[in-house]
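Same chain, two partners: subunit A is paired with subunit B first, then with subunit C.
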Partner chain A sequence: MNNEMAITLTNVSKSFKYFSLNNINLALPTGQIMGFVGANGAGKSTTIRIIMGLMQADSGYVEVLGKSMPTHQTLLKQDIGFSSEEMKLYGSENLAWHIGFIKSIYPDWHDAYCQKLLKAFDLNLEQKLKQFSKGQYIKAQLLLVLARQPKLLVLDEPSTGLDPVARQEVMQELALILKDEERTVLFSSHNTSDVEKISDQITFIDRGSIIDSNDKESFLENWRKIQVELPVDHLMIPIANTISIEQEGRLAAITTNQFSPSIIDACQQQNIKVLAVDLMSLEEIFLANVNYRRQGENK
Partner chain B sequence: MNALVNPSMILKLAVKDWHLFKGYVLIYIALGVASALFMSLPYSFAYYPGVVMLITVLIGSSAHLAISSVVSEKKENQMSFIMALPINVLDYTTSKLIGSIVIYLICSLAIVGATAATILLTAHLPNGLLPMLVMCALEIVLATLLILSVGLLSGSLGVTIVFMIIMNIAFNLFLTTVAQLPGIQENIAGPIAVFNAPVFEVIGIELMIMLLAIVITMFVKSRKTCFL
Partner chain C sequence: MTIKLFLSQTDTRPMYLQIMAQIRQKVMVGDWKAGYQLPSIREMAAAVGVSVITVKRAYLELERENVIYTQQGRGSFIAEADELSNQLRFAELDEKIQQVLSAAQQLGLSSADTLERMNVQLTLADKLKK
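This part shows the complex of A and B:
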């Protein structure tokens, strides 16, 4: 793994009237794909706008591809491909016109790769963009970004608003493309299954703060839900590294973010019968993480 | 502060806007020429409706360009696409301000040129109208520039439309005031186009305000590092 950082955010904060981004620290190594997960309004798009140099942070430092943002935004945007759910192309023009426009701006435009993507995405060059379905529209946006072969790809909710079929198509194509390429990707979504499929690194954001960040394997390895049966009249004694315990009668589910055999040992020392140790999906991990942090905030 | 601009990108953005607007420019030129021809018909009922049609086309095309070039692009989120390109705020502002006014000038010059030719070639239209034509056309160019500036600085469709209406009212005041100015009034119906000191003073003031609008808009925008 390359130790160079494609994106580094250090203590970045930004305040609005009803929302603030608090002390964001984020590091994405070159060549990695980071899934940036958060609920709607968590701060994903604001963070991405700051990374793209479209918005100035109130404080903190942003470095992208080794240069500070937004100071070097013009230069850096040559090497960054940005696509966002809210981004709209010119509906009255066709895809060929958009390709011509982008090609005239980016010298690294790759015609052969563009043709390959056109075929893979099954897009019609002559069709006006206003006649595209949402899925085709997203694919067209991705084509315009990918065929430039940028060093860094920033995708803000690319699968949002798509029907399940279109979403699957887009995600499958994206996964294939990203597998083939050695490029750094920051990919935001509130859809954890999309993120789980293609990411190496995962960062959770909630209420304007980063609540957890790690590589995907570590998340999936460390988080477990342990189903236990308590002895009669036994109150659950807190066990180290557990973040939540849901108890219903004698049955309880312990969620841990630092799973190790010592937790099982601790249960057994309390005469607690371990029924099952389940892996958790990224969605379950995200929800457990958010609830744990929010409970901490409310205390 | 982003003081440097990228002329190549500014040109590409302006060419993009020209491509998006050129169909409308051709329609407006056709309507303007038709209005000028209507004005020249040898019937008493034709002149005033022709003038109104001409002014409507010049003002309407100005408003259309200013609104769709600056405000609609932002409202329809095409701005997100543009912001992601390797440009800064000043590149964008320059392309919109200068590019859009050049596009409008192509439209306006064609219409004004056709109207001037109609006046010169039509016996019953006095050549004395020519200075008035130039001053009025320039006032509408100035209004276009001011609407573009307000659109760029406010980013608001509502504010821009209100300002556009104010500019339309201002045009009527301009028309009646300038037509009564000594040195201009007495020559309007004359057989010779008189470009005298009062005419050049009005044109000079219009050009100065245009320059001021460009400088102020660019200065304000040059202080913004980011688009949002």
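This part shows the complex of A and C:
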């Protein structure tokens, strides 16, 4: 089964003085794109560094493209494209120089695709990198990774710091990669709308723990916000599968992560009138999820 | 005082319409009764996390619908109309009927045919009740 998985993390933990990753389990099937969502400092980058073999976990097992990490990292890196804000390009050289450099290391470099990306990202080959804007710089980094067409792309915050136009260009290219069903993408982001658009799988991380992981359709299908009208002087009786209930006066909003018609039935049995059943955006789901887990921790 | 409105990101209506609907809802269930003073526009904007202009728009439209009235320098209040809560419930129903009628029109149904179809559904609903 593992050879169908591009990434598998099993009970991975890593402790630092002020932060720890706790028992991370993660599985990303080949040919899918996973959005890895968390607040700043939630543990996204640490998890990604462990996946890339840049950091050794204290315990647990990491497998990437069917081989264990970091044991086989040298071999694996031919097939993985990694990009992160911390990676620096040479400011005094231009993009053409960088392309030549990467090409000399990775024989799988695709010239035609590179040309297409140069156009799509609107990048200049001759201009020195230190004269690039932040957005151009990020796009240049991505181009150098994408044009190798690696089997697995691991991108730490690829859309952060990009303006809406550049973000669309980058997200569009990421979505196109999935035309090839052997290729897989893991990207972290705190921008939930990017994730909502292009991901197949979504994983939420908060305070060093995975709080939820599922395919996108299930997330959007299972989470609902139900607006209800309570009978006079009626306190809300807890209903199964609800995450939170906000109430003011006779109006209340029930959030559920396992929506089914039985919730509506349960309301009606309590003489609660259902006013609306709304789908939730990924942002609303993420926030509700984080708040719910944090409340649980504080109890 | 806490001000809580239940707004949705997946609701495709503009924010001011959602705010209006929520305020009407509070009137309908009797939480906000005739003469109740609404939060000021700025209080509401701050509590809900939307712009002042958006709340202003919602209040203006509600004033036009005679759901609230505004006194210069004092603030906005729920209208003193008799049976406002019921009026709003019926207005809400009428709006839904209007939507049905315009859908029927788009299909090219005559008034008689539209009524006919409504009757069929009514009979069905009656049967389900029994």
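The rule is simple: the second predicted complex is superposed on the first by the 279 of 299 C-alpha atoms of A that agree within 3 Å, B and C clash if a C-alpha of one lies under 4 Å from a C-alpha of the other, contacts with A are read in each partner's own complex, and residues count from 1 in each chain.
Going forward, contacts are C-beta pairs under 8 Å (C-beta built on N, C-alpha and C of every residue); 3 or more make two chains touch, one makes a residue touch a chain.
Please read all numbers here as calculations on a predicted model, not as lab measurements.
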| request: Using the superposition on chain A described above, determine whether A:E93 touches subunit B (first), subunit C (second), both, or neither. | output: first
| query | According to the contact criterion defined above, which of subunit B and subunit C contacts more residues of subunit A? | reply | B
| task | Could you look at A:E126 and tell me whether it touches subunit B, subunit C, both or neither (first, second, both, neither)? | result | neither
| task | Name the contact category of A:R250: first (subunit B only), second (subunit C only), both, or neither. | result | second
| query | So, does A:S281 touch the first partner subunit B, the second partner subunit C, both, or neither? | reply | second
| request: Give one of first, second, both or neither to describe whether A:Q227 is in contact with subunit B, with subunit C, with both, or with none. | output: second
| remark: In subunit A, both subunit B and subunit C touch residues none
| query | Across the complex, what residues on subunit A touch subunit B? | reply | 49, 52-56, 70-71, 73-78, 80, 82-84, 86-90, 92-93, 97, 101, 104-105
| query | Where on subunit A does subunit C make contact in their complex? | reply | 225, 227, 229, 232, 246, 248-251, 253, 275, 278-281, 283-284
| message | Could you list, by residue number, the parts of subunit B that touch subunit A in their complex? | response | 2, 6, 9, 12, 16, 19-20, 76-78, 80-81, 83-88, 91, 225-228
| field | Of subunit C, residues touching subunit A in the complex | value | 2, 4, 6, 8-11, 22, 25-26, 29-32
